[in-house]
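Structures follow.
Two complexes come next, and they have one chain in common, chain A, joined by chain B in the first and chain C in the second.
And now, the complex of A and B:
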């Protein structure tokens, strides 16, 4: 490339596409987009778009998995090229995340398979995938303990936290983190007294945290705090979407 | 793993009998006539070379990419073209990840044969340095939802993706003519593939020992059918490929009738593909024009007018050449920064009297997640770009030569009509001819 990309204009605190550091790209979620799948959802954050489908439960678990619990199978399909290590890593991360939100004891000795197809990639792909998988599970009617909403944050050289970075921004940040934070409906917990453990443990726990690049501890917590705020907004959007 | 729960291909005897009996009376279970296609929708994405096709309930996505690579040794002057088709497990509970099954391979091969053997894609134009560097075009087909007749849908997706694909331009330089520089899309306009014709695949299913044939079988019809035949045919009624692998024996008269029907359907489908591709190309040109206006300015002068990009595509296409006349030589007057909120641009209103080009309002505060459908990046590029006129498009030339004329015209008029746009187009064409003659 012969030209330089200006990340943040001086004195203006705006990003390349005009957003503020705390601003996310427009979200959109469509459910039940596929006819054969039991549940499907398409989640878009700006230009990044992931299509997720859920089939299940099918009888039998994979070899070596606990037959007393349901098992989750995740398949991540990139747009082009062979399935490589990045895709396997995403599958692993998703499997771990979904295992913590699905009630596994409901259908023991079965497999629920979640397939994700990358439709377009403009940054924050992993968080888009996790959100799509969550929405697809909801569409399929799989019983969930709580929702896991994911957000990606980038950390620039001067310590600014950028929410929902685009592909260009991802190449330029010093470090990059992806969080999946649980979200439970507060109304269901209104009967529970504020001091009880049960209520506390269900609120806003971190299910998944993946970071790339090195960052200070304080920066990490800063990212996390921003991420939490963003996920509560995203889950509001998702719940509103579900009602329609 | 036991697939009993997800197994849908085992149909009940009642369902089978019902479909067969209905077909004897020329009725199909979804209400179509025997030679009717399901409704076809092609979505061409914001990117080049990406297409999504809905054919009834079938949903297929195709994506085209290209890379520089070494050519085959026995064909040093030709680029290569390869088709990768995968049945995603999301399309059908029976599809499994891993080695592609028979139908997946058959689909890939039929599409590949239709395009390659019939020389639909010009591979010789893909060679850069003969014997060393050629473009290898890769087509990935993802089946997302199996509603029947995957071959036809995948073929249409492939054709649309190939028609909208653009490969980066590259120049050969160096002492021995071996150095290849690939130009990113910002500096040089990427080039489309040379496609000679569009081979459309039409699939027929046979029932009742080959006496009944239907077009575009749905999922249930495919399971009940006794045989299947796919014909790849183009608008010149040239048969590019035929695939009838096994199944019931069919009389040759029936086969000929099917081919005649196929050539009619191929004409319809080709017209639809071309319509969608044309709409995409127009939108693409609009977007390209926006990018030029970014390049032109670094100093920001925020105007008051704003632009409606989403509506009135029709008259914008008429103005296409006209709006390309955004004067590059006037860097101080065009606003560079914009956010893709649906804004209002009416070139014929008083508001834009000072400029016929597009103005954008930078209003980040109004940007909300639920409303904006597009957010466009602003990239500040050095002014070096303007000097690359060697292979510049007509637009660039047009801009530089007529910049003066445009600005003088715009200052005088307040109320503008379509006629003004048309006149400018004519003037620009005249100027271009004169320039070329010189």
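And now, the complex of A and C:
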């Protein structure tokens, strides 16, 4: 594979690897990759790749957890080195995201544990992790309310929103945001009847939103809008992938 | 020109299609029948029925809907026949692992003609073929070694043989009628005893170890093969032991 070094000049819209600001890297998803895990998936966005495995639900909750609901345990393992503060932060974010999409009352007093192993990191790691965790939960048959599709956006100094930034781009942007948005559901009828319009506001809701760095309010909403459009594309990819 | 039909006559576009959690399967305001039976993978959300698992949406007239999927774990449902492994024995019941979120309880008296005097001695690790009597999400499922009428009907501990674990989808395929091609092809040449648990456990016993290994391998290979492929696969394996 040959790599081309593209010189970025003033006013040039192309990014370091030749993509346009709205272009994502190639996606790939494989499910049921681990033999012993109850559910597993490997999700890659370009060179970033995360392997997620799900065990559970197993009976019994840890101390301090509510026994009337299922409890979720997340372990994030970096590619090298010990588990530090960033990993703990990712675990917390992922736990919050998954608690909102898993139906917790379905299996009270059980623990479902999700382990994420970073295989390679080239930027947009958190969104890759969330997508891998969702695909692994689907593979395990855990009951979900909706799927959460995640996307990372970077905001450059001149206000351009870059989707799915690579590691080099992440170091150069002014601010950085990661969104997990619910996927758009299919409806059984070809036309959605007037009575169910109320449900539309709940579709494409934001499950998680994390920002690093400082950005204007308008920039945040701009990122969000781009993120929403991207998640619908990722959602279509996921549906096609699940059919096979 | 699109012909507008009344809402209750509009065909459901998602039947036999792959769906993911969150997809709206039914709009209850449009349904003509009063009673709808929901199987695994579906849930009521206000006035819609939504999917909670990914899989194929299936419909059986007049009003049954469910999502067909294959998982490594099992969700206990009343009426299913499963293979459990004894983990512990308490004074009143045996505790079994049935690959579900909770451990199952097998009452010591849940056998045909069971009294306090003739409680079977199941040690830890015994493989038992049982029927799920009660299963809901809050309590541990209850199982029994009798059928619905109280007769023993082949339930009980399985001695000798070999047990292996598969997915729930393969178990359903093995139990489907008409008989699935792999079992048909094996049955024509070999004689063996088979117990299939809907929780993804299969037990095989035959007179010789080669037969047991062959039957187990054929079944494990057949999950994603088509009918003809299954027949060819069995034929190739049988050739290896000159049958």
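What we mean here is this: the second predicted complex is superposed on the first by the 220 of 244 C-alpha atoms of A that agree within 3 Å, B and C clash if a C-alpha of one lies under 4 Å from a C-alpha of the other, contacts with A are read in each partner's own complex, and residues count from 1 in each chain.
Criterion: contacts are C-beta pairs under 8 Å (C-beta built on N, C-alpha and C of every residue); 3 or more make two chains touch, one makes a residue touch a chain.
All figures in this text were calculated on a predicted structure; none of them were measured in a lab.
Asks: Quick one: classify A:57 as touching chain B (first), chain C (second), both or neither.
Replies: Both partners.
Asks: Determine, under the contact definition given at the top, whether A:117 touches first (chain B), second (chain C), both, or neither.
Replies: first
Asks: Who touches more of chain A, chain B or chain C?
Replies: The partner with more contacted residues on chain A is B.
Asks: In the overlaid three-chain picture, which partner chain does A:206 touch, first (chain B) or second (chain C), both, or neither?
Replies: neither
Asks: Could you tell me if A:47 is touching chain B, chain C, both of them or neither one (first, second, both, neither)?
Replies: first
Asks: Classify the contacts of A:23 with the two partner chains as first (chain B alone), second (chain C alone), both, or neither.
Replies: After superposing on A, A:23 lies in contact with chain B but is clear of chain C.
Asks: Kindly classify A:238 by the partners it touches after superposition: chain B alone (first), chain C alone (second), both, or neither?
Replies: Second partner only.
Asks: Which parts of chain A are in contact with chain B and also with chain C?
Replies: Shared contact residues on chain A (touching chain B in one complex, chain C in the other): 57-59.
Asks: Residue numbers of chain A touching chain B in their complex, please.
Replies: For this pair, the touching residues of chain A are 1-6, 14, 16-20, 23-27, 33-37, 40, 46-47, 51-53, 55, 57-60, 62, 75, 77, 79-81, 111, 113, 115, 117, 119-120, 166, 168, 237.
Asks: Per the contact definition, I'd like the list of chain B residues that touch chain A in the complex.
Replies: 1-6, 8, 45-47, 50, 52, 57, 59, 61, 63, 65, 86, 88-93, 97, 138, 140, 142, 144-147, 184, 186-187, 337-339, 362, 364, 367-373, 375-382, 384-385
Asks: Contact residues on chain A for chain C in the complex?
Replies: Touching chain C: residues 38-39, 56-59, 101, 103, 105-108, 110, 138, 140-141, 143-147, 182-183, 185-190, 193, 195-196, 199, 238-239, 242-243 of chain A.
Asks: Which of the residues in chain C end up touching chain A in this complex?
Replies: Touching chain A from chain C are residues 7, 10, 12-14, 17-27, 29-30, 41, 43, 46-48, 50, 52-54, 69, 71-73, 75, 101-103, 137-138.
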